[in-house]
Structures are given as C-alpha cells and as structure tokens.
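Below: one structure in structure tokens.
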Amino acid sequence: MEALAASRPRGRRWTNVLERPSVLASVLISPAVVFILALVGGPLALAIYLSFTNAIGGSLHGKWIGLGNFRHEWTNPAFQDAVWHTFLFTVISQAIVLVVAGLLAHALLKQFPGKWLLRFLILLPWAAPLPLSLMGWTWIFDTTYSIINWTLQHLHLVSTVSPPQWLAQPRLAMGSVIAVHAWRIIPFATVIFLAGLASIPKEVDDAAAIDGATGLRKFWSVSLPLQLPIATVALLFGIVFTATDMAVVYILTNGGPPPSDATEMVTTWAYKTGIESGSLGAGAAISLFLLPVLAVVAIGMLIFARRAEVT
Amino acid sequence: MASSDDPSRREGRYDRRELIRRAGAAGISIGVAGSGFGQAFYGPLRFKGRWLKGDLTIIQWAHFVPAYDKWFTDVWSKNWGQKNDVQVKVDLILNTLLPARAAAEAASGSGHDLFFNLSPQAQFEDQVINHVEIVQEVQHKVGKIGRLAKRATYNPKTKKWFAFSDNYVPDPVVWRHDYWNGVGIAPSTWDNVRKAAPKLKAAGHPIGIGQSAELDSNMALIAFMMCFGAYVQDAKHRVTIKSKHTIEAVKFMADIFQSGETDEIFGWTPASNNNFIYSGKGSMILNAISATRTPEDLGLPFADQLYIYPIPKGPVRRLGLEHVMGSYSIWKFAQNIAAAKQFMADLEINYKDAFVASKFYNFPTFPGALPYKKIQKLAAADTHKPRGKYQILTTIAQKYTVNPGYPGYTNAAFSEVFGKFLIPKMFAQVSQGKLSAADAVSAADHDFKDIYTKWRKLGKI
Amino acid sequence: MDAMLRGFRERGLSYLIVGPFAIVLAFPFYVMVITAFKQQRDFYDLSHSPYWFHKGPTLSNARFLFNETQYTTWLRNTVIVGVVVVLITLVLAVPAGYALARLSGKLGQSVGVGIFLTYLVPPTLLFLPLFSVITQLDRQTSRFLHFHVRGSIWSLVLVYPSFTVPFATWLLMGFFKTIPRELEDAALIDGASRLGTLVRIVFPISVPGILTVVIFSFSLVVNEFVYAFTFISASTHRTLSTGVYTDLIRGDLPQWGAIMVASLIPSIPLALLYNTFLDRFIAGFTGGAFR
C-alpha cells in the first residue's frame, strides 16, 4: 500500500503529506482534541485546583488546604448517604431500562399494524425537552393535585386526607425519581438496542434457523451474545449519564424529603454545598469523587465489551 | 419582562450600539461619581425618546404578582431611565435559581449591576460594595431605616452594609374561617392550633405548616420557634439552639403534625402550601398574601372565607419573621455603580407606587417612605371580603416582624444554616419519630456550631 | 393455517409487550394535553376529573404563552443552538472518529478512551469555571465583534459541544470500525488518495452513523439546563429549558396550563422527526455496509 502511494506522481505535495496515516490522523483528530482540551480540560484543571482550597462564595481562588475538603466529606454522613443513593439510583434505574428496552427492541423488530404510532408514543419521553417533561411529572406527583392520587382516591384505594406522597415519603420519593429517570432513558436505550439487533447479519439468523434454534434458545445462545457489546455500551452510557446528571432529582425533589434526604445524590449534594451554600472548594471535591469511580467502571465495561465482541 | 419596545429586541443593532454606549457610560459614570453622589436627577423627562447614554442592568425574581413586574419594567424603570439618561434593563428569573447565578457572576467578576435576592446575601460581602451611601441618601429624604432592614443588611463586625433592602413582606397566618368556625376555635394561639388540629383533620381539612427543604418551611418554623422563646443565635451571634425552649417547640410541632397534618408537608415547594389552600383542602398555612390574592383573582368560591391574622401566640411571645425580604447587592465590579445607587435610592423614596403595584405584598423597609397610617388607608379601601382584612398587615409589620437571626443580625453563618434548610430538617426528624427532640436539637447544635466557627474564622461574625 | 396462527401469536405478543409500555411512556403527555387546554378554575378544583375537561377546553393558556411571554423567541433560540451545535459536533467528531477508528492503532485506542473519559465529568463541576472562560472570552472579543458572547445563545453554542463531541466521537469511532476495510482498500488500490476515499466512499456510507449523532446530539442540547440558566439571564436570549422554568413560574405560582402547552409544542414534532429518521437509521444498519 505504501509502495503504491510512494509511486504516485509527486505533483501536489501537501496532499502527499496527508497520505501518511499518522499525519492525516493528527490533522483529523486535532480540532476535536483542541476543543475538548480548551473547554473541558482547562475548566477541569481549575475545578481540581479549587477542590484543594477553601474557596467560598463566587471567587475562583482560596487558601490551599490540601486534602481537607476530601477528608471532611469522606467522613460526612450526608456525603456517604449521597453516594449510596447514587448507587441505588443508577443500578436500579439502569436495570429497569435494560430489561424494558431489550424487550421493546425485540418486539419492535418485526412489522405489525400500528407499529409506527406505538413507536411514536415510545419516543415521546426522549423527544420532550427534559426540564419541561419534568414539570409535567411534578404536576403528576403534586402533593395536592396528583392525578395518581385522584385516581386512587376515586377507586377508594387510598385515604382522601392522607394519600401517598410520591415525593414526600422517603421510599416513594426514591422510587419516583428512579421511575422517572428510567422513563426518560428507555426510548434512548430502545433505539440503541434496535440498532444492535438490526445489525445482526441475516446469515446468522438463517444459520440459527437451520440449526433449529428458535425462540428462547435462539435468544440465549445467538441474539444475546451478539448483542452483548452494544448492550454493554448502552449500559455504560446509561450509567455515566445517570450518575452525572442532576436534572431529574433537582427538579422533582431537590434531594429531599427531609430529614432523611432520601434522594440526595452526589451531584445535588455537590451543588448544594458548592453553589447554594457557597463552599466552592468542598463542592468541587464532592463532584470530583465521581470521576475515578466512573472511570474505573467505564474502563471495566469497555474491556468486557471488547472481549464479548463476536467477529 | 422586557417591554415590547425594548431595544434589546433588535438584537444585533442594539448590542453594537450598547457597546458604543458603554464607552460613553464609563465617562458619564466617572463624571457623576466625581461630582458627588447627592445629586438627584429629578425633573422633566429630558431624555425621552432619545438613545440613552448610560446603562443599568438588574436581575430579580419573577414577582408572583405579574402586575408588579410590568410596573417595574414598563413604568418605573422606563421613566427613571428617561429622567436620568440611563437605559435600564431588567432580567427576571425564578428565585431558586438566583444563588447559582450570583455565584457565577461573582466568580467571573462580571454581571448585573443590581443583583436581587429574597434574603440578603451575606456570603458575598467581600464581592459587593458598601451600600452605606444609599442608606444615607434615603434616610436624608424619608427618615431612618427600619430596624428590620438594618438588622438584615448590616454587618456590625465589619461595619459594612452588604446589601440594600427595598422591601419586605409581612408573614401572616392564612386560615379558613368557615372550617375553624366549624370546630369553634380561632388560631390566635398555638395552643388553639394544637387543640383544633385533630378536629380539623378529622373533618378532612388538615393544617399545613411545611417541614420541607424550602423557603416557606424555613420561615414558618423559625418564626414558630421564636414564639416559644427558641432562637438560632443570640444578640452576640453565639449559637443558642440547644435549649429547653427549642425542645418544647419541636415536640409541640411534632404533636401538631401527628394529630393534624399529613405526610405531604415533607415534600413541599414554595408553591405547595398555596395549592393546599387553593384546592379547598387546607385549613391554615403561614404565607404571604399571595395565598389570598390568587383565590381572589381566580374567583375561587371560598376566597371570602380566607382570613389573615398575625402569627399565633406561643407560650413566650407572639413574634414572626418577614416572609421574604427583597434585597439588592451591587457588585464591586459592576459597570454602573453610580446609577445603581441612585436607582435604589429613588425606588425606595417613592415606594408608594411599588406597594400598590404589588397589591400590598411589598412593604417599604424605610417606614417613612410610606407611613403605616397611609398603608392602612389603602388597605381599608380594598374591596375584597371581608372588607379591610389587609389592614392587619400593618400591625403584623410593626409589632410582630423581625429579621431572620433575631435577636442578632442576619449574618453569613445564619444564612448558611438557612440555605441548607437545617431547621426544617431538625423538626422533621422529630415529627417523623426518627430522633428524640433532645437528640435532634443536639445534632442541630453541633451542625450550627460548625458553620458558625467557619465564618468566625473568616472574620465575618 | 399453522403459519397464520403463529403469525397471530407473534403479533399478539408484540402488542402485549409494546402496548402497555407505550401507554405508560406516553401517559404524562396525555395529562399534559388535558392540563394545557383546561381552564384555570377547572384544574384547581379537586372535585373535577383530571382526565377530561369539566368546564370545556380553552385556548387561554396557549394565548397567554404566545402573547405574554417570549415563548417563540425561546423556541427559535433552541432551534438555532441545536442546529449549530450539531453542525459543530459533526465537523469536529466525524474526522476525529474516523481517524481514531482507522488510522491510529494503539495510540488511537488510548486517545479514544481519553476522549470518552471527558464525558464523565459532571456539568455541576464545570459550569463555574466555564462561566469564567466565557466571560474572559467576552472581554477579549466584544470589542471587535461589537457584540457580547456572554449572555447570548452563542455562549451555549460554544460550550455545548464540550459534551456532545466526546460522545459523538466515541459513537462514530465504533461505527466506523464496523465499515469493512476492504471498501477503502479497494479504492486506494485504484489510485484514490486517502482524503478522497474519506470524502467519496466512507462518508456516504456512514449516513446512518451521522444521523445517529445528529439525533443524539440534538436531544442532548435541547435537554440541557444547568449551563443554560447560568449563562443566560435575559428573557429574550433564553432557550426552552430555562425560559419555561423561569418565566412561567412567578414567585410561588407556576402557570401550569401555559407550562404544559410550552412542553407539548416541541415534544410532538421532535418525536415525529425521530420516529421518521429511525427507520432510515435502522435500514442503514441492515442494508448499506452489511451486504
């Protein structure tokens, strides 16, 4: 290949330079890398610096206190609870997403009447701008006007005066944020799974049919292994997204309800500490905690996905 | 909200002109500042219809009374701007988003000239100017600043006025006259409230004093504590939460919760206690008069049955807080400090219009700007039933309203306790039976002392 | 007969699975529709059913939204930001994704993972430093641009690619890897330059991948909320996510009817759009590069 390239007429020199894979690669990658370094790397470095200081209010500098923030938060029960909640929230919501999206993707593979409409309905949670659909949910869960409670009350299943409080009772609150978050991610995951399923070459399908593998056996020994890489990647994105996004919890419960703060996540706790209470350094330290954890999880899952790749 | 002929609509052109204007404004600001602050630019609207030279940017909350915002942007700011050759631009934002916005502006050293919040931002003391000149200018014209505002915006340790408060909102108790009549009691004392609670709940109309991580709960519970003689800090800013008064208060509220309230109070937002009343379910809340004005506007059938009273009396006293306190801060790095100061002073001196535009929600922090007698007259003329019900607001304002942090000042440490909603947390722990009253109070004491130590070390209290 | 019964059973199973989920997923939108057109007095009244109109539907909420707020401006701003950010993302991520998939071997793997790791940084950590960066930039450029980047939607346009580009690069890297090398090698043997191959052979085939990136990036932009309310305060410059949240909640009173109308208007077209592209995107996976 290189010999052929070398034997090309030496007319336009600059394009010849671009023939070398390494040069072309650098040229193609550098805009993205430069951009990311400037807009993520730089601020990240600043945030890391802040986490080692006692910066307060809105100032971007403070006195160096080394690991003080980290030590303080590590032993802070509020932080420990936030970590546990984040773990629960992420694992349970993603498990739900995995199962439901997997089912839906399988069911949506074939044609059937009304599929377009049903698919439209399924895509709605993902298409709706998040802060807006979340406002819809706060209304659905409203302490006085909840449509769920109205329905349950009219079916005489709950009391009129003290119906379940979907965002005010700790367990229910956790369940509600998990459900809403899963609700929002399911369409996205379904699409990814659909793509994965659709990319299974027809030959594999036919081979499986010839071998007599159908239904559950086919699913277990053929579809599942082939889907594993893409399922892993989808799961990985889901996990990262869930752990780092505070919108659902912020708008629905803001980490409450007191006193247990049952839905306080690492992201909302960082926000409360760093922004609303003004302890900027501490807030940065809390946010940073997620980084190594997620990195480890990400790398682990990526290695797993690589191994699971069936060529 | 920007008015329809606000030049900022013509975006590209405006911004270019804005830039040229800023260069001019710099010159004017220096000139004004140098010429001595005391000059008030009153007189005819000399600059009406022309491009205005100066620039003033303001950010504040979207007032629950839309008419107030309209008045503020379209009438007051516009006229003031035309009198003073300054283009005033007002941005409105949801109040819960103000802290993040303030932090961002402080961090970047660039932002609005006037930054509003519903409670004075003591934590930004170092990044704002000393607002003493505005206070002096206004006192010169209408008389002394009210004690409430002074205690909320002045730091006695650093001798700095870290904010200027133009208004505060008295916090009455809003209750359903018909429901309470039904049980034959009135909410004039907390004892009465406790007696009525189970009866009201049994009738399907529980009480609603929030214990959630939000503003209304904070205000209601701290005020409730004061009625029992329990305080977060004393006049010397030492933490005094751990006392038998606090324990009694916490137990009392737990009692009211168990007999007369429902679980929903732990998941409320500032709008929730209002909804509680609007649905007809609730029998009593502690809230500003937005809770009565909205039913009037919506024409709800029971609007006439909504009465307002001062906060119920506790075993020690009857004392409440303001519901919210509008306070503006001017950043040290603001572009047009002189205009900002003048704007605030003029607003306060002429507060009658603001009061009326806000439907009696905003009370001026300088009593001289709109004497209580005048307020009473205006309230008496209000035709909503029961007639004259808003007159009680002056009594509440004069006798039963103090600043958060009473008997001390509203300092940065108190603001942090407030901002972290530690008081509702303490109450909720006992109401839900998670901790005994003594333990919850001890835990709070521990947390508060941490915060106070931190700010003491920073030299702010 | 047998095949027909199996057909029914399979379809029945599909309906059984998809149906309930579709209802659950779409249910909040039904509530939104009803609330959007309900009179204020109607929905504050607990004795009325929230499932239908008691006093008859009304357009007053929609009228309020369009006449008394800057809603159309927010819509326009959101669309502008979305489109421009998607374009920037494509320009940055497509070449980078290709380069990482094809041209860089081992080092490419590590850079790829490195790019992905930036995706792990939570926005709550970055938004204050980023706000500073934007302010500094604004100071430097406002003079010759005659225009303030800060406080305008262009600050978002600048910042949003910071989370769409890593994600897109990563997606495209995986996608390009699935395109058989033989296609490009054939072209190279025929004498085409690398750049030419890239433009003439690879990109046309990667339309499904690009479409994916477009859809995903656009949805990320439209949903973003933390940066939007930090960087922009003027009502005229807001996007959907912040405008509705800040201008339609006054003090302690959300304008529920208007909020619901505001939420429905972008959701339905977007869902229609995604639904349409979905077929093409999946077809691209089955046809196209996979003979």
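The chains carry the letters A, B and C, assigned in the order they are written, with residues numbered from 1 in each.
Operating definition for what follows: a contact is a pair of C-beta atoms (placed from the backbone, for glycine too) under 8 Å apart; a residue touches a chain by one contact, two chains touch by 3 or more.
On a predicted model such as this, the values are computed, not experimentally measured, just so you know.
Novice: What's the farthest chain from subunit C if centres are computed as the mean of the Cα atoms?
Specialist: The most distant chain relative to subunit C turns out to be B.
Novice: Count the touching C-beta pairs: is A-C or B-C ahead?
Specialist: A-C
Novice: From the mean C-alpha coordinate of subunit B to that of subunit C, what's the distance rounded to whole Å?
Specialist: So the centre of subunit B lies 38 Å away from the centre of subunit C.
Novice: Measure off the straight-line distance from the CA centroid of subunit A to the CA centroid of subunit C, and report it in whole Å.
Specialist: About 14 Å, centre to centre.
Novice: Among the residues of subunit A, which ones contact at least 2 other chains?
Specialist: Expected reply: 58, 60, 144-145, 271, 275, 280.
Novice: Which positions in subunit B touch two or more other chains at once?
Specialist: If we look for residues of subunit B contacting two or more partner chains, we find 100, 103-104, 107-108, 275, 278-279, 281.
Novice: For subunit C, give me the residues that contact two or more of the other chains.
Specialist: As it turns out, subunit C has residues touching two or more other chains at 44, 46, 128, 132, 245, 254.
Novice: Using the touch rule from the top, collect the residues of subunit C that touch subunit A in their complex.
Specialist: Touching subunit A: residues 10-11, 13-15, 17-19, 21-26, 28-29, 31-32, 35, 43-44, 46, 49-51, 78, 91-93, 95-96, 98-100, 102-104, 108, 111, 113, 115-126, 128-130, 132-133, 158-159, 161-162, 165-167, 169, 174, 178, 185, 188-189, 191, 193-195, 212, 216, 219, 222-223, 225-226, 240-242, 244-245, 254, 256, 259-260, 262-263, 266-268, 270-275, 278, 281-282, 285-286, 290 of subunit C.
Novice: Show which residues of subunit A lie in contact with subunit C when the two form their complex.
Specialist: 1, 4-5, 8, 15, 18-19, 21-22, 24-29, 31-33, 35-36, 39-44, 46-47, 50, 58, 60, 100, 103-104, 106-108, 110, 112, 114-116, 118-133, 135-137, 139-140, 144-145, 147, 150, 183, 186-188, 191, 194-195, 198-199, 201-202, 233, 237, 240, 243-247, 267, 270-271, 274-275, 280, 283-284, 287-288, 290-291, 294-295, 298-299, 302
Novice: Note which residues of subunit B are touching subunit A in the complex, please.
Specialist: 99-100, 102-108, 123-124, 126-127, 201, 204, 206, 211-214, 262-269, 272, 275-276, 278-279, 281, 416, 419-421, 424-426, 428-429, 432, 434, 458
Novice: Report the residues of subunit C in contact with subunit B in the complex, numbered from low to high.
Specialist: Residue list for subunit C touching subunit B: 40-41, 44-46, 68-70, 127-128, 131-132, 134-136, 138-139, 142-143, 146-148, 150, 229-231, 233-236, 245-247, 249-254.
Novice: Where on subunit B does subunit C make contact in their complex?
Specialist: Spelled out, the residues of subunit B in touch with subunit C are 1-2, 6, 8-9, 11-12, 15-16, 18-19, 59, 61-66, 69, 89, 91-95, 97, 100-101, 103-104, 107-110, 112, 216, 270-271, 274-275, 278-281, 287, 290, 294, 298-300.
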